[in-house]
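One chain, chain A, links the two complexes that follow: it is found with chain B in the first and with chain C in the second.
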Partner chain A sequence: MSEATARSVAGTTRATAQSARALALAGVAALTLSYTSVLYYVADVTRGAETMLAVLAGSLLLGILLGRYVGTTVAGGVALSVAITGSVGYVLSIPPDQRALLFTTRVVTDTIALLTGLSVLRLTNAGVWALGVAPAPIIVSWYLAVRRRYVWSVVAGGTALSLLVLTGDAGPTTTLTGVIGGATAVGVGDVERAGGPTPQFDAVVAVVAAMVVVTASLSAAAGGATGTPFGDGGESPTVESTVVEAEDNIRILGSISLSTDVQFEISAARGNYWQTAAYDRYTGQGWVRTGETTAIEGTRAGPPGSARPLRQEVTAQTDLGSVPGAWRPVNVEGAAVRSTQQGGFRPETRIAANTTYTVRSRIPQYTTAQLRRAGTDYPDDVTATYAGLPGSTPDRVSERATEVTANASTPYDRAVAIERYLEEEKRYSLDVESPDGPIADSFLFEMDAGYCTYYATTMVTMLRSQGVPARFVVGYTTGEQVGDDRYRVRGLNSHAWVQVYFPDVGWVRFDPTPAGPREAAEERQIRQTEGNGTESGPNSTGPAEGSDTDVVNLTPTTPVPDPNVTATVGNEPATPSVAGADDGSDELSLPDLPSNRTVAVWAVTLAGLLAVGRRTGALGRVRTAVALGRQSRSAPDADAIRAYDRLETLFELRYRPRAAGETPRTYVSTLVADGAEEAALSVVDAYEQARHGDGVDKTTADDVVATVDRFVDEWSLGDRLGR
Partner chain B sequence: MMLWPTRRGFALLLVAVAATGFVVHSGARALGAVVVPSAVALLAGVVQVWLTPTPTVDRAVPADGPAEREGTVVLRFDADDPLPVTADDRHSAGLRVVDGLPAETVVGEGPVRYRVRFERRGDRTLGPATVRYTDALGLVAGRDSVGETARVLVYPAVRPLPPALAESLQSGLAEQSRSERDEFDGLREYVRGDALRNLNWKVSAKRDDLIVTKYTGARPEQTVTVAIGAAPGDADEMATAAASVVAALHSLGAVVALLTPDGEVEAGPSDPEAAFAHLATVGPGAVPDREATVVVKASDGTARVSVAGEERANIGNGREAAT
Partner chain C sequence: MSDGRQAGNDTAQPTPEDPLGVSEAAATIERIVENVEQVIVGNHDAIEDILIVALARSHLLLEDVPGVGKTMLARAVATSVDCSFKRIQFTPDLLPTDVTGVNVYNQKHQTFEFQPGPVFANVALADEINRAPPKTQAALLEAMGERQVTVDGETRDLPEPFVVIATQNDVETGQTYELPLAEVDRFMKKIRLGYPNEADETELLGRVAGDHPIRSLSAVADAVEVQRARRTVASVDVREPVRNYVSRLAAHTRDHAKLGVSPRGAIALVRASQARAVLTERSFVTPDDVQSEIESVWAHRIRSGDRARDGAEVVEAAIEAVPVE
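Showing the complex of A and B:
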């Protein structure tokens, strides 16, 4: 390496070290952002967003201040005490009856559950948990980052991110951001600590860019396959499919193929909705069922008010993952089940086909007058669990609900008003484009059609905004009556509806989905399938049929197409293209603007390529090629001048720059190789004529340009041959 | 080139493996966004280290010299692009690195200097140098051997002689010089500074003046014959004792004719290297000439030095004892 290079390396080293530090801290910031965004999301769902923001900001500040002024032991002590405070706070926030379950083995089991995919949102007091977990990693990682121990800082932040990845709450983009941030911090941190030279920096950029590009490409390529590398995360996979038009066989957590397959046959004296699960926590994008299941002890209590017993004998026709039964089930025989916090049952293992089990339920009996009289004295635990909405729920939802229920004076009337409003105002359709924003808000203000999950979610949201406890329920409608007291229930009977709580009565069913259109669609399905002689119908989302999952993701990517079109498996998803799934539509549609993600990935690719280019000197070579390359022609004088400039650039690269005070003629004649003097000097002549003399004519200009072209070609060839 | 994962790289590998395990065990979740970038980073690291060109090195070693002394080695690395490396240098037994290695340096920025101690006599080598470097993210490390070996000849240690031995050498020299006189070259008057030894008393008495005898030319340098030998295993003691004796004789102005089991060499104060170089590698064997003026005989870890037939010192194991 020459002296000049050595000196310039030393000079740029200082500047590089400073910008390297900034970039390393930016990497740590990206990592911090990744896991705090998930924690903030949890806080928002549990209505603790402001507190969480305060805690996050405070932890960041504390970490930085400790880093500047305090030694490792003290800082470690602070972080540890903060972490302990958080854990104690979480334990204390659990209701006493549930807390009794919490001893060491329980803690271990719960931790294992979290690590193997239990979403944080399913924890009883997810908000407090998130608040407890947040400070320690932030304090530790920023303390270390300020101290320039970037690797350990990334380890601290990465542990927090890993936990949230394992619980399934961190989506692919979030995780990738965190990973990239961490990699940048580590790589650039090394450069900064070594006071290092630029080529290492370029290498870091190139590697990080490669990480992003390969990951994004793999996710796009695998976007259509079942079980993508980024599989069934909490984040909607449709984000992946905006990179590429995906074929539709993505399985979403919570959704299953909805078909005309018979799921079970049920004998019961009276028809009813056969409920499988109820969900209490709304995230804006879906529903989460909180709390653990417990072992049954004898027969459970029925509804608070009067109730009539109903005995149901269920014969499963396929594997069932749930225990359908009328609300409110008090006893199950013939299947091993556990009790859920929401008052239902859940099987310990899947129920095999052709098994029969018996459910005894107590159906609440009430009159409308009774419901009107019920009042608003709700039990505390009901209000705590079933009356909350995420902090980020837009105000207009609440405003619309207030409008709609303006004339209602009791909770019952409010429920009826909302139910009617949704039935009348929104069109039933199985063919919808998944909204980007919160479901209820989008359904109310942006969509004009939807199906049961949308109706139900919106009604619950509106009721909760009015302070009425309500919850989202899934299961099956009654089904096809195939005999006295016997019903045949198929996959397409899957349904989602609403339950509203009334003091002294309990949970009462409401169904905002317009029944007529729904039943008509179901009928068509059946007739069609039977006509084609095929067993299974098209894929569609719906409420979790036979769902044994606790999280329902409402964003469909596999809607049933317009029933008038022959059903096929593997339909276009409704989401990505603006053209919608209107097959055979004549509308001309503009292509989508690339999503933010696509733009980001391309930007990163570009940065990486530039870094690689600089590293390998390719950039320099490109610049030289451009400087020497064929010139575009205009006027003869300008051409002659440009030709000489190219010649001078060539000589500069090949020999040496022109010295101050050296005339072009002297310069060229000194350096030019023997035999080429005449040609080279002709270029100089033309240049001088064009510049200071009378100008040159086109022929001369042509000749001169051709001459210089020959020089350049000769040199490039020689350069390639290594002369 | 050798390639291996660093601690960091190994940890990342474990993370990726654990993540894959979790995927297999309990579902993909977003773990793909952990596994894929990790794999890319590790692969990129391997590629980057593999493609890193080996630097060149320019080595400056200390001059040949006696043992128990230190010297500085200077390594100047060079490469097309600056590369942060950890530099180290190999050396043969008999040399010891005191400090300065391994050195963290950036190739092309400045030389690496380290101090080396000559421990034992012999033909020693320094090098080749090794450089260890990592990829951009510090996940994969590679090591290269750079440059050639350089030879350093370590002479035996030179130590001050026991006083008895030093005195006997000195007097022996004086006597030898007395018996090896120059030729008579005439008489002249005494001038202040003349050696009193050369005063010619007989003639002075006759002349009633002080007269000195003139001798021809420059006095030839005195040559002292030193013969050395050692029992097998005691060559080092022999060499050290011999080197010390040679150094002492040189400081007294005498030329030494060294007779060793491996050959003869003559060296004077103006060109002592020949003797030391020979002593650096001399092996055991019988004393070539027992009648030599100085005889060094080493056995059982001790070197016995005799001057004019009488034993004057035992030099052994670093302890000096006069007889």
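Showing the complex of A and C:
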């Protein structure tokens, strides 16, 4: 009998270890999934998805096989040679002229740049880079995981994930998955090796949950509205935040608002769109500008075709992180700038308010006929850079584009057809839900309204699907004319549009966003702010006066924060909302369903709380409190035993739980010595008699049940309230 | 026939086969303990341990420094129950026959006569058992296990009750033969008396100043009562929850020590718990009985495999870890 017990105990331990191993491997798998998903995404954007899948599967298999059959030295050698092969492959894939730059200090600076937030997607050969990097961490981490070295396995996988976190390519959800996986593997791996009991799982779960929730809430505090689990309800970002900074990445967001702050004033002979940046690589979720900036000497070349010069004098009204100017800028005076691979300028440092600088541009000159004639003889580098789409782009986008452009025979006609199609089919609205899938696909097939970035992204995607090189451009519209040849440009003038490449002409602007509704929204915004300023007068203490922080939210679902503005709105004949708000204003607006990520974080929080509850015994106390009540009666022995169980439950709530190795008698007599009622001992007597002796008679059972009933009642009335 | 049986027939109507009632047995034991306490100061637990071992038909190993009253304790218990008491001082030159007895040629009758050795007693004190060579130890251990001795091919039963109290000196380990584990396992309990505390020692010095109280100690029970109490102990209930508790404890020691308790050890624990139940006037064993007996019954049977951890610690860990259900 004792041997059987020993065997079953050993069996339990083994079962615990086995389930721990399964969990630990699942953790490593989650970690692997997190960074490989990023690498796969990169490969997909650069059209290398199939190769990447093969490489990932091969590496995984190799790692597991090595772990099974090969010693540390050989495996280390294999992993090292794979890593070296990957690096060499990446170097060879770079065009020879660029490769010359690669060695010496360039490697170091590139690495530092990557580690300080340069997205992998900005590398010219991001796909090859991903293919080269992927195998080593997978092989190493799975080799170690198979050998039960979970900590080192997680170190290997974690390094890869950390690199991608530092480059900014791993989003919060991905990072969370990886971190949870890693922590689980390390924590549960420990349990497995110790062969320990289940309570340690609680600790692991609690710690992991704490990590997740702390990470999530910290990044919500630090990272602002974008990309955090709790960021959904945050302040709306603005188009201008990307336009003004002309960042290297643009993510397409949900609802946005417009600011009326004046950004700069520009003196030019003619109005134009003031471009700040162009983007070449479409990721499905946003845009990336690849390549490095270079120093410029003197004046750059203008567009390939004929052009006429335009001189612009720009006076910054706030700090500017970009150099707005008409396409195509060839020279900047009064500010230190560098040239981007896309033909634009970036300032070396931020341009301070009240700085005036001069931009000289050469505006391309063309006729419609010229564009129609331009043909499709694109330079190779243009096709390579500006005609690609991520492999994940659904086919229906290209099918729709083919449909729309069925009657168009030239790239120009195709562009016009698509532009017209979008203007007619989609409604302009600043209040949209950020879609889950690829932007262009969602905008075409699932959304009926959007703003400029949606229109522009969709148009570029459709054009590229038809083989027409096109790119996504951000900047400002002309702005408000405030004098002869003088324009005042505000945050709300920020805009996104499309440039299409025509041989011998260069980049030509198309704007698929319906101009009417957009300008209406902008004008209304200006009128509101100015009208408000005059109404409130110089003595007003309203927050609108300074208007520095006065970001008026046009989103109809959120209340306007400034009471003065609301009053003004009341006087306005038109509603203060953008087009389309009418649909929502009458209806009862239902709360939006939380995003998947929010649900996930809440689930993790709940799991953590449960684990903590179990660990601290709070859960048990709640459960037992429910079980306290009256008892139904049966045989005297069962009654006496049940009475003791209730007594123990009650004492657990009132004093402390019984320790594992503590006998009922020791437990109760200790508590009686500490002040519990002595009658409790009679319950133990009856319990022992019923459980270990020849049983109790009905009178004894009745007595102890009554005693416990009395205990429960007394506690309910008095002490429970007192506690 | 044995001395015990004759005594039983002389003094009382009931036979040694009739069990005492539980409360009667408890009262008898109480009486014996109190009686012994007239002589032995401050060793209540040790007196109970000896009686439990006696009632559970087993033997006791006392490990201690000399002069703490081991002999006096054994003698006082024997006197209190009106039993014969013999002391064997184990020395390196002690022969097995010095323990068991020897056939001596009687010239007058021209026959061999058996001269019983000191082991033929109700209470045999084997003093410093680890000083004798293994062969002599084995002779005693056989007597303990079989309750009989075999000399020159002839087997003779030992008296009933028969309890061996062996002592071990664990300080002077020179010239000793440590008892093998298999033999230590035959002792139900191993206890230490320890030095008396200040008050007890003062009391003790007061008592021995005049005539030693052992001289005036009288019997408060007899061998038949002891045997009847043994019957009572044997009839104590050990239900499944307690049996299961013991086997889970045993499994725990086996999982957490190089050598855990043997099934013999588990059986000994159940027997000792039965006796403990009688001491507390109960006709069934509870986990509390198991817990009060476990350390003295199990600690000496366990080898932890770790010098820093003795058997008592393994047992203590088992008590704490194995849930009482």
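Keep in mind that, in the parts below, the second predicted complex is superposed on the first by the 460 of 723 C-alpha atoms of A that agree within 3 Å, B and C clash if a C-alpha of one lies under 4 Å from a C-alpha of the other, contacts with A are read in each partner's own complex, and residues count from 1 in each chain.
The rule is simple: a residue touches a chain if its C-beta (ideal position, glycine included) is under 8 Å from a C-beta of that chain, and two chains touch if they have at least 3 such contacts.
These figures come from a predicted structure and were not determined experimentally.
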After superposition on the shared chain, which partner residues are touched by A:His692: those of chain B (first), chain C (second), both, or neither? second
Of chain C and chain B, partner touching more chain A residues: B
Chain B versus chain C as contact partner of A:Thr666, first or second or both or neither: second
Is A:Leu492 touching the first partner chain B, the second partner chain C, both, or neither of them? neither
Answer with first, second, both or neither: which of chain B and chain C does A:Val404 touch in the superposed model? neither
Touching chain B in one complex and chain C in the other: list those residues of chain A. 1, 5-6, 9-10
Okay, in this complex, where on chain A does chain C touch? 1-2, 5-6, 9-10, 659-666, 688-689, 691-694
Flag every residue of chain B that touches chain A in the complex, lowest number first. 8, 15, 22, 25-38, 40-41, 44-45, 48, 78-84, 104, 106, 108-109, 135-138
Where on chain C does chain A make contact in their complex? 237, 239, 241-244, 246-248, 250-252, 254-255, 263, 266, 282-288, 291, 318-324
Seen from chain A, its contact residues with chain B in the complex are 1, 5-6, 9-10, 115-117, 151, 162, 165-168, 170-176, 179-180, 183, 186-187, 190, 194, 196-197, 199-200, 203-204, 206-207, 210-212, 214-215, 218-219, 227-233, 235
